[in-house]
Amino acid sequence: MTSETRSSGCGSDIRQLTVRGLCHDIAGKRVLENIDLSLQSQGVTAIMGANGAGKSILIRILHGLLRPSGGTVSWGGRAMTRDMLRSQAFVPQSPVLLRRSVAANLKFALTLRRRRDISTRLDALLALADLADKADQPARTLSGGEQQRLALARALATDPKVLFLDEVTASLDPANTLAIETVIRRVSDDGTRVLLVSHDLGQGKRVADDVVFLHRGRLAEHSPAKTFFSQPVSAEARGYCEGRIVL
Amino acid sequence: MQDFADAFRLAFALLVQLDPNLVEIVALSLQVTLSAVALACAIGFPAGAALAAAKFPGRGAVIVILNTMMSLPPVVIGLLVYMLVSNAGPLGFMQLLYTPGAMIMAQTILVTPLVAALGRQVLADFHDEYDETFRSMAVPWRKQVAALLWDARYSLLTVALAGFGRAVAEVGAVIIVGGNIAHVTRVMTTAIALETSRGDLALALALGIVLLVVAVTINAAVMVLRASAQRLAYV
Amino acid sequence: MATIGSRMMMARGRIAFCIAMVILAFCAAGARAAEEFIILQSTTSTQNSGLLDAILPDFTKSTGIEVRVVAVGTGQAIKNARNGDGDVLLVHSRAAEEAFVAQGWGVERHDVMYNDFVIVGPASDPAGIAPFNGAIAAMFWIAKAKAPFVSRGDDSGTHKAELRLWALASGVDVKAASGSWYRETGSGMGATLNIGVAMGAYVLTDRATWIAFKNKSDSKIMVEGDPNLFNPYGVILVNPARHPRVKAEAGHTFIDWLTGPEGQAAIGAFKIDGKQLFFPNAK
């Protein structure tokens, strides 16, 4: 984000991501190496790869939580700004819920961006997360799946144009995973750009429109989901899809 | 020693009979100390939150100064406040010397560094936990501080309790700026000092026991509150 | 978080407002007692003996003026009065009182009463002073025997009286002995007596505090009745010309009462265990 790059194509749609020459070092060790990437402004992109491939670092850099060591990230042709951050939302693998009730967690996010219709939106979000009957329960006493559904609803409370999800279903049971994937599809259909980190092949197949595959900090492959899962081009992706460990 | 047995008997009698002098002294002690702790928390907690959440030049120095001020002797603070509010001092026009107001001021100065420093430690842990979430949600700075303070409320209650303990037990500051005037500025610790100087050690010790009973009651109330908060996973 | 600096600047106005509120809160807590009162800077002896508790309610009843007593050592009481932190001074150190008036801090010194000092010590009497009537001889022999002696060491009236006695008992340099047989507590009369009794040491104390003192253990009066042990109390109105907030009128009323027939009678009537502690001597 050190300099601005002019993007070709989609003009000023801030859901359109362009990454140029992205590098990142942690404690002198290179964890992301020269990544170039262009994403369309619609759909669900799965960022996949083995543990330690750099997926979580990448998503945090794209969201502006981390400053990259080199290269540029631009949305709709412009570098990340605080205003842009306000139109994005992020759910990590273990969400940090406020020490308040379920409803108060949602209200906190709702009042960040709007002043009106809070209670209508609150009811809608509670219904979306299937937590209407637990609105007054302390958020941190919810089960893991409920907490993750609440975190997703809270992220959506700010009406994001881009939604980042980092392994949100990694520790959930199938029912909760299905509930969350259903919401993901729905918000994507409503026009929210979704970038989700996952190492669950099944999830990639179920929800992704395209797949960004990282291998040891490098972008090994970026292709439509159908192509990726049926005929991966790179050797690393092929190994990954076949369930082999690729070093 | 005969005094021990006497002290416990006397303390029991004082508590059971609700001796009106004792009630007055205990009430003033609580009024002064609770006001001071409330003011200290109102100043110290936001300051602690700012120190926990914000990075600015000189922050380390401020933290060192705060931690140092925790060990300031009450009598020094008493002298400082005396020189401020004395008729010969800059705040003499406020006519605070030998009033509960001066005692509250002294104890506020005594407790604020403590609650700010301990509060900062508590809030720094909360900030570490919440930071990424808040940055991701682009929560404005002031709202971050408010949310940290609110979510840490039960942990901060323990900090406030530490402040209460330091204030309610000190005698050095309140005896100088309050003057230990009967029915006006006599609190439990200055009454204990007076009875000690009168050689009535049993009564002095009995008052000390009463002070402990009051402190135990408040500590227990906070414990119960925290326990219920823990059930709600709010701690 | 680059904008925090500027946000903190913006918050400065609000902080100033908060400070103003805090000061208001102090004032509210301070300004509650509505009735008229004066502050009497006095010594621990008048309070610890219970004299003031006994006589002041009479004054308040007849005049409606409350007397708030700050009981500290004579040195500190005079210092506080110099700062204007009191309306009336009631202490016992004649030379210091006269200096206070001469320097213009006080209006005029009036005799009020006297009691006397006594030398108390353990029943075993290690220095063998009990047979003497004279205080100066007793002090001389205490020093000679290097028997433990506990001093106030706090610049109080009692401390000054004690130093005068040592000076009269020629050849005794207590400054040099401090820390060995001569111990300075730097505390009030009561605290000093607690220490002296516990150490089995000699102590110079005013009779009133000693009689009212409840932790005597096996210590008792060794020397009394010497004119050198005479302990006069004076009362002084703090000079309103120096400190305009001094409540001169109420202070005058109090001094007139204390040195008048009613106050003098009340002082004479105050007894503990049937013993009169203070002897009125106002002119």
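Every chain is named by a letter (A, B and C) in the order it is written, and numbering of its residues begins at 1.
Everything below uses one rule, namely that contacts are C-beta pairs under 8 Å (C-beta built on N, C-alpha and C of every residue); 3 or more make two chains touch, one makes a residue touch a chain.
Computed from a predicted structure; not experimentally measured.
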Chains linked by the largest number of contacting C-beta pairs: B-C
Taking each chain's centre as the mean of its CA atoms, which one is most distant from chain A? C
Whose C-alpha centre lies nearest the centre of all protein C-alpha atoms? B
As a quick test, compute the distance in whole Å between the mean CA positions of chain A and chain C. 76
Roughly how far is chain B from chain C, going centre to centre by Cα mean, in whole Å? 30
Report, in whole Å, the distance between the mean C-alpha point of chain A and the mean C-alpha point of chain B. 47
If you look at chain C, which of its residues touch at least two other chains? none
In the complex with chain C, residue positions of chain B that touch it: 31, 35, 39, 42-43, 50, 54-56, 86-89, 92, 94-102, 104-105, 108, 141-142, 179-182, 184, 194, 196-201
The chain C residues in contact with chain B across the complex are 1, 3-5, 7-8, 11, 18, 22-23, 25-33, 39, 44, 47-48, 53, 68-71, 80, 82-85, 187-191, 193-194, 212-216, 243, 245
Touching residues (chain side chain A, partner chain B) in the complex: 63, 65, 82, 85-86, 88-90, 92, 95-96, 98-100, 108-109, 112, 138-141, 158
Complex interface listing, chain B residues touching chain A: 129-130, 132-133, 135-139, 143, 147, 150-151, 232-235
